[in-house]
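Mind having a look at this structure? Questions to follow.
For reference, chains read A, B, C and D in written order, and residue numbers begin at 1 within each chain.
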Amino acid sequence: MINLQSPFVQGSTSVSNIMFIVMLALIPGLIIYMYFFGIGILLNIILASITAIIAEYFILKIRKIPTKVFLTDNTALVTAWLLALSIPSIAPWWITVIGTLFAIIIAKHFYGGIGSNIFNPAMIGYAILLISFPAIMTKWQNPSYLYDANIAFSVFMHGIDNYDGIASATPLDYVKTELLQNKNILPILNEPLARLTQMQWVGFGFLLGGIFLLFTKIITWHLPVIYLLTLFTISSLFHLIDPSQFAPFQFHLLNGGTMLAAFFIITDPVSGPTTPKGKIFFAFLIALLVYLIRVFGGYPEGIAFAVIFANICVPLIDNLTQPKVFGHD
Amino acid sequence: MITSILVVIFLAVIIGIVLGISAIKFKVEGDPIIEKIDSILPQTQCGQCGFPGCKPYATAIANGEADINQCPPGGDEGIHKLADLLGVEYKPLNAEHGEPKPKSVAIIDEKTCIGCTLCIQACPVDAILGSAKHMHTIIEKECTGCELCLPPCPVDCIDMVAIEENAENWKWKYPVYKIDKVSERRAS
Amino acid sequence: MSNSYILIIISTVLVNNIVLTKILGLCPFMGVSKKLETSISMSAATAFVLTIGSMTSWAINHYLLEPNDLIYLRTITFIVVIAAVVQFTEMLMEKNFPLLYKMLGIFLPLITTNCAVLGIPLLNAQASHTLIESAVFGFGGAVGFSFVLILFASLRERLDGADVPKPFQGSAIAMTTAALMSLAFMGFVGLDR
Amino acid sequence: MKLFDKVFKFNGGIRAETKKNISTAQPIRKIPLPKKIVLPLRQHIGKLAKLKVDIGDEVLKGQLIAEADGNVSAAIHASTSGKITAIEKRLIPHPSGLPDFCIEISPDGKDQWIEKKAIPWKKIGLDKVNELLLESGIVGLGGAAFPTHLKLNNSKKAGALNTLIVNAAECEPYITCDDMLMREKTHELIQGIKLVHEILNVKESVIGIEDNKTDAINFIQHAIKKEKNISLQIVPTIYPSGDAKRLIYLLKGIKIPKGRRSSDYGIQMFNVATILAIYRFIEFGEPSISRIVTITGNLKSPRNYELLFGTPLKEIIDDAGGQIIKNDTFIMGGPMMGFKLPSIDVPVTKAMNCIISSEPAMIEEKKPVLPCIRCARCAEACPVELQPQELFWFSKSKQLEKAEEYNLFDCIECGCCSYVCPSNIPLVQYYRFAKSEIIEERHEYEQANIARERNEFRLQRLEREKLERAERNALRRAQSSSEEKTKLIDEKRKAIADAMQRIEKEDDKND
């Protein structure tokens, strides 16, 4: 018997609702993604979801925890979706499976499951894939190479080896490699590979979904706004200092996973800070690191590393940013 | 070869001198850690740890002569606190020293008491009132429940009575929920 | 010139972090990270030992060993010097912070065998750093060590309340966490160029 | 009618369904004298009242039957005339569900008052009034049951008071006893406010009321038209605006931290029902023997009752037509902060402002309790600006020191965090657990300190005695025959005995 205590009335929000709305908000970006890049991404998402659910189910069984409640809280699905959206849509199936398994089993359940994970599971999965299979993880689909579902399925099963020209570097990657050859950035930015408008449209779709999340109060403004603002400020500053070396802010805001990260990845409540000040600092830190890694580091995109690093700092950030209690000085 | 030996000897001498001087300069007297340990101990003065009171036990712990798991009244919590304070691993209570019991007080059956004053001499906190040939009573508030008064009593008139839960000392319990296995596990 | 000092600091703190990238000094990293407070004091002690140790070993290396062609004595002399510095720190601490001394317990003398503390002077000698560079390198290593130790301790304090499954409780989850932390530090590759 | 005077909004709070109209349709009702009156000695915050009567005694209505034990306690009076028939442990309305000492009175049916005397408060001064209040048995009737004389004591110590705030916010869902009181006893209430205003010698009195009590607002606005120093301030309906410190902030913009009293800031606050009780006592000499109780929820005829303390709850529930859906579960207080009664066989007490016959939804466990996802919705809802998710994290894993560091004791247990939690975590229960645990630990620590002192004292005494004995023996051996010496020894013995006596006396005092 439960020991019944006040309050005896309850509001109506629930974890599974929140997670469901997050997934709903991912839909616009996903549709645009599919419109430009075909159904490859959908295959990845479906596979990731199935893997996540199965992994979750077995772990819950092993840990002797009631499965139904935790399978229906939708958190595993959100992790799976975010991971699938982060990895290239032309990655073969086993990439998705390995990443998802890492995310669910190690990043989530080693720590005790939902609520206890100190790292963002999707980003752990992504980072592990990136350092283990850099060749696959840095090849993105060439949007001019449009293909049908059959090819998409074949790529999904066997990888891209049979199809020439299907893969190309992302704008971030491309610009970085070109810059390493001591070129001026302005002409580089005008190359077609640096101006991947299709990718930018996807980012716009995520922005829409993010605004929906803000509107439904699933997330607070602190994280996305500060994140985007910091990225904007830093990139503009560097661009002002040396326009021949540093890309303007549009380039950084619209490319890579910036929008997805701003509204969906860094807003993961479990591994993020809880205080308003802490959120501001957290978002600032991630934006700073993302820029540093993108521009000065060895990897073309730094969101996963930045997020994991910021996750490490979260307990300390929370500790140091405790707000004043009512009436305290 | 010789240079190397010389160098090493030179180093050893220099280091020896520096350390020797600082050993004199930073000499430590007294050990404030005893007080810290003593403040964690429950002060029942029951002697179950094998020392004649809490302070001697605290001193023994500080000197490394006793382990931290010898105090049954302090219970698991006490051991955890000691482990935290001293930065050592937690160990379960050593059963040789007894099991933790619910907190209780001694009650003297005043009809049977013959007023021998033996219990008064045994009580470590002077919680028993009375004089020779007059029956004794226990100041319940002061009694630590150490049970030291039980063995000397010639007529077995002292009983340990567990303190009952009432509306005054009642506590809110740890919440237990069916679905949340983890909290069940922790509560048990 | 000062630019190179900054690079040394960035390199030792983030890119080539002594604990998470070089995997040195794991003993105190695992042992003294249960509580934030203790880890902060441990960091301070290690930082002190590392900086002083780097400088003295530089002096010994520069004035005693290299002129006399005794480079093969580096390891042994460094160990002796570090042991002495640790002894010194220990006495200092016992006098001034007795509770801390008790809390750090065995880990304080163990700084002697902390591979980070020996590793940094040896790396210094290898890279033929100047005195100031050695000091900066030692200090940077100490900051890097302190930085991850404090972060790790705060993470572990948070984990105290987590529902970590029984087999993973304690050192197992600490190791996993350290591994994932070093994953994050891999992202900094190339920042010191 | 001006809606929303300038208010200072506190952080968070919730807008739950108020469900107040359930019990406001019918006027306040009195019920006939019950067959037995059971008066618990614990009806207030503080020490148990001290018994003044014995079984078999005849008492009159309003007669003191148990007096306050020390300052933090409150007196109990017979709520009707009759005979004391039992003094024993009975179930009382207390969250523990444990029995406690009660006095049972069998009414003689005459309902005969003691001699009532108005208090000439203008003549006797505030100190004397306070002493009398200690005997009046009046406690805060908003639900907390804090002895009223203590509040006045505090204001006296603090010196100049400038504002009296009358708490008419009544923010918890379901409860309407203050609302009905204001509607039906408007005149008396205003007289009471004027009286307390003068006694406290304040400059202004402000009635703080939530905007959902339109009738009461109208009545009071009408009644205070001519009063210069009494004003009515309407605050928005956000739970917990009726919490004392939240209401003070709403009205005055002053944030009073935990551990400080409003009187330190020149403000004194009373609940409307308390004001009325003080008024009755001072104007007519009637001690605290009855109150208005909301009987609502899952009942055929929910309404407000004016009830004598000690009236068996069961009779009232029967009078209200009984439960519509039988589940025999009743909640005392509001749904946010109240507690489940152990049984219906408990008497009405001073703290009983509302009894909710539980709706089925209140007691069934619908939603599973999931782990905390740190969404911080609770922090957004917390009116004390705490970080409930951290407090939960530490309370759940029993890291009590940490919980305290995060200001656990500032928590007012209002339940807003539990209400908004998407994981359905009963956060407040964890805080209550952690608080009781810490309080007990502290108590044990104090006990341990006392024990240590006594032990050290004993060791010293033993040491001294040993020395004295040795000295005595030496003396005796050296000069066994000398008369002079014997005298000396006698003198010494006497001195020792005196000293011992002194010590024992001191010891007794320390007890």
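Note that contacts are C-beta pairs under 8 Å (C-beta built on N, C-alpha and C of every residue); 3 or more make two chains touch, one makes a residue touch a chain.
Owing to the predicted nature of the structure, the values given are computational and were not obtained by experimental measurement.
> State which chains count as neighbours of chain C and simultaneously of chain D.
Output, common partners of chain C and chain D: A, B.
> Cut chain A out of the contact graph: what components remain?
Components, chain A removed in thought: just one piece.
> Would you say B-D or B-C is joined by more C-beta pairs in contact?
So, comparing the two chain pairs, more contacts are at B-D.
> Select the chain at the greatest separation from chain D, using centres from the mean of Cα atoms.
C
> How many angstrom lie between the CA centroids of chain B and chain D, rounded to a whole number?
37
> Report, in whole Å, the distance between the mean C-alpha point of chain A and the mean C-alpha point of chain D.
Between these chains, centre-to-centre, one finds 52 Å.
> With chain centres taken as the means of their Cα atoms, state the distance from chain A to chain C in Å.
It comes to 33 Å between the two C-alpha centres.
> I need the residues of chain A touching at least two other chains; which ones are they?
Expected reply: 2-3, 5, 66, 69, 112-113, 115-116.
> Out of chain B, which residues touch more than one other chain, so two or more?
Residues 173, 175, 177-179, 182.
> For chain D, write out the residues touching at least two other chains, lowest number first.
Expected reply: 95, 365, 368, 370-371, 396-397, 426, 429, 432.
> Mind listing the chain B positions that touch chain C in their complex?
3-4, 7-8, 10-12, 15, 18-19, 22-23, 26-28, 31-33, 36, 84-88, 182
> For the complex, which residues does chain D have touching chain B?
Interface residues on chain D, with respect to chain B: 42, 48, 92, 94-96, 98-100, 365, 368-371, 396-398, 426, 429-430, 432-433, 435-437, 440, 444-445, 447-452, 454-455, 457-458, 507, 511.
> Which positions of chain D touch chain C when the two form their complex?
Counting only chain D, the residues touching chain C are 371, 393-394, 396-397, 399.
> Can you list the residues on chain B that touch chain D in the complex?
38-39, 41-45, 53-55, 124-127, 139, 141-142, 144, 165-175, 177-180, 182-183, 186
> Help me check something: in the complex, which residues belonging to chain A touch chain C?
Within the complex, chain A touches chain C at residues 63, 106-107, 109-113, 115-116, 118-119, 124, 127-128, 131, 289, 292-293, 296-299, 302, 304-306, 308-309, 311-316, 319.
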